[in-house]
Structure formats: C-alpha cells, structure tokens
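So, here's a batch of structures to check.
Next come two complexes, and both contain chain A; in the first it sits with chain B, in the second with chain C.
What follows is the complex of A and B.
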C-alpha cells in the first residue's frame, strides 16, 4: 500500500499537474484563448453554455466539500496528503468554471442567482447523498461516492463535452482536458485505496452499495433533465447550431443525434464505467430501477 | 494574468479575488519550489550532526509535524463553512500547502533515519502543542469561522512563522532550505487571516473582545511550545532568541496586543 500511495504524493502532484499539464495555462486555458465570437453573439447558444457550466460548478463545489471533508477522516498520512491535492484540484475546478461563467457574460454579482436559476435540482440531491456520508466522516463510503461515483460521472461528462468543444471551442476544450487529467488521477486513487479497505471491512459493502444506487438514481435523473431542458443538448456544439456535420461521441454524430440518443449514450457510458470500476474494488453495481 | 508582485495595483474586490486564487498561489509557490523536490535543491550536502543534535532535530521536526497536521485538518475542515467562494479556494491552496509541509517534514525525518514516523511523533509530541491542536479542532468542529481563522491563520501561523524563521537561521543547510520554503507559505496564510479578520473587525468591533479572550487562552500554550522547542534544539538559555517577543509583535501587527 505504501508504494502505491507514494505515487500520489504532493511532490508527484506538483511535478505532473501545476508544473506539468497546467504549465503555461491561465485559468486552465491558453493565455490568448477566448470564447468563440459566434457563441457570445448567439443568446440561445450562450444561455445553453451558461446552463451547462452551472452544472459543472455545482458538481465541483460538491467535490470540493467532499474531498476537503475527507482529509480529517483519512486513516493514514498518505491518504491525507493525496486528499489535500484533490482538494486543491477541486478548488481549481470551481475557480476555472466560475471564471468561464464570467467569460460568458455573467456578472460576478449575479453569480449565485445565476447558479440558482439554472442548477439541475437532481444534481443537488445527488450531492446531498454524498455529503451526508462526509458529514459522518465515513471514509470508505465517502471515497466510493466521491472518487468512483462522482468522479466517474464527471469524467464521462467532461469527455463528452470535450468531444463537442474540441473543434468549435478550443478554449473550453483545453480547460476540460486539464480537468479530465485531474479526474483520472482521482479515480485511480479511489480504485486503489478503497479496494484494500473494502477487503478489510466487508461489512461496509451493503451500505456503500445503497449509497451508489441512490447516487446513480439522481445522476440519471440529472442527465434526463439536462438533455430535455437544454434545447440542442448539453454536449452540442456550434457546428450543431449551424447544421454542419459535427464531432462524434460514442459513435453518434453530435450535430445530428437527438437529445434522447445523446442521453442514452452518456448514461450507458457512465454506467459501464461504474460497473467496471466498482467491480475492481469488489463491489457489485446496484441498479436504481 | 496579474502576477504575485502586482496585486496591490488592483481595486479591493479584484485584489481579494486575485490573491485568493489558484493562479496566484501557483505563481507564488513556483518561484521557490520549482526544481526543489521536497523543498530542497538536489545535491545539497548533509551536514554532520552529533547524536544529540540529530535527536534534538528529530524531536523538533516531530513537533512541527504535529503543528502541520493540525493546520491540515483545520484548513480542510474550514472549507465546509467558509463564507464565500474566494475563501474556499484560498483554503484549498492552504490545504495543499499544509499537506506539503507535512510531506517534506516526514521526508526529512526519513533522511535522519526515522523509520516509523507515526510512532516517533506520538512519543515526542509536545503536550502544549497537542492541547493547542485539540482546541483549534474544537473551533473547527463547532463551525466557528472567526475563532477558527484566528486560531489557525493568526495564532498558529504566527507561531510557526516565528519558530521556523529562527530555526532556519541556525539549522543545517537541508533543514534550513526546507524551512524557508515553509515560511514563504506561512506568510501568505497569515495575510489571509489578517485580511479576513481585519474586514470583520471593522464591521463588528465587538468581535475583538471575543478573539482577545481566545488569544489569552492560547498564548500560554504557544509560549510553552516555544520553551520546549528551544530546549530540544539544544540552545543555551542565554543564547535563546526572543521567540515570545517576536510572536507577540507579529500578533500585535494584526491588531491583537497582549
């Protein structure tokens, strides 16, 4: 365990993240990169991007609260220091997505009201389930909820958004690629650290699996609401707005796929990831149905 | 992007947003951490220490670990009830700073031949410092923002700043360079405490009396900790620096006189 955890030290994090893939970025993107003019000039498209960004901020605020809350509950020094790096990663994500809202024209004084207007209520319930475990300082359930379920969901959503933005919005795509790299590290820690703890405390399994089932239920409701309320869809691109052929996600042309198809593709991707990752730590995926 | 040298050119709101951001933190730490794994320039030679000096240094570093663990647990716990986004992001940077301090101290203990740091820390921990940690975490558990910021970002940071700065002046080269990096972080943390509490005291001057009572309670623990630390470092009584005076002066600069 000690060898595995040494790969998650703050020194390694400093070298790979701030001094690595974030080098020469400002708020996660290139110093000269800006939001595309056609996005800023199109009110519907801009509003759709504001709505999407609000969900990212809400998710990251939950992750910040969860990872910082877990530091105190961590059973060993090495887990504490890893969670310290994760806390700062999540704080950075809150900062860069908040900054994106400002870039999309939201005034700083309107930040909280904008979040309140656009936040998906199911995402709030998803966060509540996780933060209840954090409040109880339940390290095993907290890490599964945070580093497997929440991060697993975020990872897939970011990949979908990245696919949609890669050609049409390089600034947002660059911001996302940094967060994806962070999430990959967080998920890796969750899988490695919790597998060992689940084996040591098998009696925790039913409770943790119940939490995963509840979080999954709220996550799927979040996706459903996001795609049904989001006009051209959360993962759409400016190409979709123009009717031009767009990028692909899970074999779907994002410019042409229906909202239902996009929702189905994202849900299937996340659930497949859950099953694989939960299996690796010795848990069985629990369907909310 | 505004660099760490220029935020004073900004207006108040923009200044606060800038100095509490990840971007500001990274530009600040990059200057003294880049190319220094575990806070030390590679190739720096280990000084010869007598057995007594080595043992004293181990005890001192073990106690620094107690202080840094307290700061790590407190700053991470405070994120959950910080009053705004900027404070949360700043505390996230402080969490990683405190985690790094703990990591470099443990790494140094390893270089000094300590194989079971947890056991050494438990055995060598100073009782006054443990009591301080307990009291700080009580404030955090009670979600008392003003008391937590005061105990953590004013008292504890002033204590560490004072001790580490003096110790860096007399320590072996490796320990000294490591401590200088830590001191640079502490300066930023104290600035946050000063700024946050300063603004609060302007709005609610009665808070001052409450914080003053907390200070009086914690001062005795801080002063006991100083006395023990200087003893562990083997500094003769007549040669000891006036840590208590320096600490009192640092806290007084923030508006809290004895």
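What follows is the complex of A and C.
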C-alpha cells in the first residue's frame, strides 16, 4: 500500500500544473516574453547559453526515458499513475528547453547536430548508469537514480540557473520556475516511495549505494567540464558582461566568482542535499573518491 | 484571597489562531494554496504557525500555532511530516 499517494490523482496534477503554475504560459514562459536582445547580440554569451541549454535537454531526455520505463516496472497502480504524470512533465521539459534552443537561433534541422556538438560526455555516462537499471526493470534502483540522484541534481542546478537569470532574463527564469515546481513532486515521490521500500528490502542497499556512487562520479565530472568549458560559467548572468553587480548563489556573487568557486558551490550544495536525502531514507552516501 | 492550590495549573499556552491569506503560491489546487508559501532562503524566519518541508523546501502554514507532535502534510511534494523539537526549534521529520 502506498499511503502517501492515496490523495494523488491525475485530477490533482491537472489542478496543480496546467491549471496552476503553467496557466497562461507558452512553452513554459509568458506569451510576450523573449530572450534578451543583449544575449542574442553577443555571440559568445549566446553560445554559452546554447551549451547550457543542450545539457538541460540531455538531462531531461534521460529523465523522460527513465520515468517512462519506470511506469512498467512499478509494482502498484498508484506509482504507475504518478510516474505517468512525471513522464508528461519530463516530456514537457524536453520540449521547452528544445524550444529555447530555437529561440537562441538554432535551426530545427540542426537540433541533433547542435546537441552532439555541445553535449558533455560525462552526462552521457551518468545517464547510462541510470538507464541500465531501468532496462532491468529494477524499480528501487531506478527510482533512487531518477527521483533522488538525477532530480536532486536538477533541483540544485535549476535553482542556481534561476538565481542567475531572475534579473537578467525573466523569460528563462519563468521557464525554470515551472520546472522547479515539477521537481518538487518528483523528489517527493522518490523520497517517500523509497523511504518505505528500502525499509522493506534492506538487502537492496549495497547495490543502490554503488549506483549512487557511480552516478555521483559522473555528475561531478560533468560539473567540472561544464564550468571549465563555459567561459563565464554555466549559471552566469549577463551582468558578468556589463559589469553590473550580479545576483548571488550560496553567498557568491555570480558575476564576479571564478569558475572554480561556482563549481565548488554547486558541487557542495548538491552533495550536501544527497547526503541529507539519502540519510533520511536509510541509505548511506557513497563518495566516488 | 485565592488559595494558591485552587489556582488553575499552568498548562500549555492556548494555540493562537491565524488568518491565512494568499501568498502567490500556485503549485497546488486553488483551495489549498493559502496553506503554503515559497521559502525565501536561510534568512526567512518562520512564524509560529509555519513549518519548513525538508523534502521540497516549501513553507507549510497552519491556521493554528504548531507544536511538537503535530502532523502536517506537504501537498507540493506529498510528504507527511511530524514536528519534533530539536535544540529548542521545531523541525519537520518525514514519516515514511
């Protein structure tokens, strides 16, 4: 029996999302909102934003494959219903970030080649570890990998990007705030469902912890590559270009912090969240070192 | 003069009642929105009728003062929580 899902229904999802925070949006943002002219006119800044958006699309494609695969692996109807709504959430995320690439000037015919050019190779390895569990219909490992590790990482990355975009790019910030709202449900499902299952199947712990360690290794490598590649950094703001005082993330001024400082702040935030979340559900965080 | 032994024994203070207004939180169906608000980060001071969901970082609001032992529900992430007192502060723990 999945008690925490007893009140969840597709009706409630409809009232919360399409009729709630997504009401009157177009591809996740206000109908009149556009990318800032300053961004579109600056080739380096635009390329940096294309690179960042490609990573978001790659992550969301992985989440779409994982959540749809988990529908058939779920042992109960309530989890299948939840994962069906999560599948639509993830499909929407793929669509809105793909749309953003077009808004940044990528032609639809060049979509796949642009993704291939800019995708971070470590992100592909991160996805492989998760999708291997999904292929085996391993529900417990799949939910930990998808709804705790992947979604936990996404939650922190989106919050950092949101902090960077809030003042300089309201369109992108609005798109991100809708995805952050979706992530709340996804991490909630992960924690509550696994919190109960791991108590019932404690023998699954070592295998799940190994997967978390492998995914964490690839995640940290992804962050390192992203920040070293990205000039002004993956979560930076246009304030970095015009010298204005920028927004802050974890106490760092995003317009002035070095790439190493930003990478350190994001990694520390995500790892702290992992440790706390895993500890709450009875799993021990495994360091990849 | 009243005999001190006849005075009522001091029990827990009665719970205050709070009027909940809309906060702009729109991540749950309309009828439940006033029970939640967005958390504004570590400097955000919680009211005596509020608790922070540790899972999704949304502030849960009650019409009454909250106390240790109370159970609350976080609809945005579907977590059921119990309030416990730690170091003089109310902390929400997830019930699995």
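Keep this in mind: the second predicted complex is superposed on the first by the 284 of 289 C-alpha atoms of A that agree within 3 Å, B and C clash if a C-alpha of one lies under 4 Å from a C-alpha of the other, contacts with A are read in each partner's own complex, and residues count from 1 in each chain.
The criterion applied here is as follows: a contact is a pair of C-beta atoms (placed from the backbone, for glycine too) under 8 Å apart; a residue touches a chain by one contact, two chains touch by 3 or more.
All of these numbers come straight from a predicted model, not from anything done at the bench.
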| item | value |
| --- | --- |
| Room on chain A for both chain B and chain C (clash or fit) | fit |
| Partner chain in contact with A:98 - chain B first, chain C second, else both or neither | first |
| Of chain C and chain B, partner touching more chain A residues | B |
| Partner chain(s) touched by A:69 [first = chain B, second = chain C, both, neither] | first |
| Touching partner for A:84 - first (chain B), second (chain C), both, neither | first |
| Chain B versus chain C as contact partner of A:184, first or second or both or neither | second |
| Angle at chain A between chain B and chain C, C-alpha centres, nearest 10 degrees | 90 |
| Touching partner for A:281 - first (chain B), second (chain C), both, neither | second |
| Chain B versus chain C as contact partner of A:221, first or second or both or neither | neither |
| Touching partner for A:9 - first (chain B), second (chain C), both, neither | first |
| Touched partner set for A:26, first chain B, second chain C, both or neither | first |
| Distance of closest approach, chain C and chain B, by C-alpha atoms in Å | 11 |
| Residues of chain A that lie at the interface with chain B and also at the interface with chain C | 19 |
| Interfacial residue positions of chain C with respect to chain A in the complex | 26-30, 54-56, 58, 74-80, 94, 96 |
| Interfacial residue positions of chain A with respect to chain B in the complex | 9-11, 13-14, 18-19, 22, 26-27, 31, 64-65, 68-69, 71-72, 77, 80-81, 83-85, 87-88, 90-92, 94-96, 98, 108, 111 |
| Touching residues (chain side chain A, partner chain C) in the complex | 3-5, 7-8, 12, 15-16, 19-21, 23, 181, 184-185, 187-189, 191-192, 195-196, 199, 276-277, 280-281 |
| Chain A partner contacts - residues on chain B that touch it in the complex | 1, 13, 21-23, 26, 29-30, 33-34, 37-38, 69, 72-73, 76-77, 79-80, 85, 88-89, 91-93, 95-96, 98-100, 102-103, 106, 117-118 |
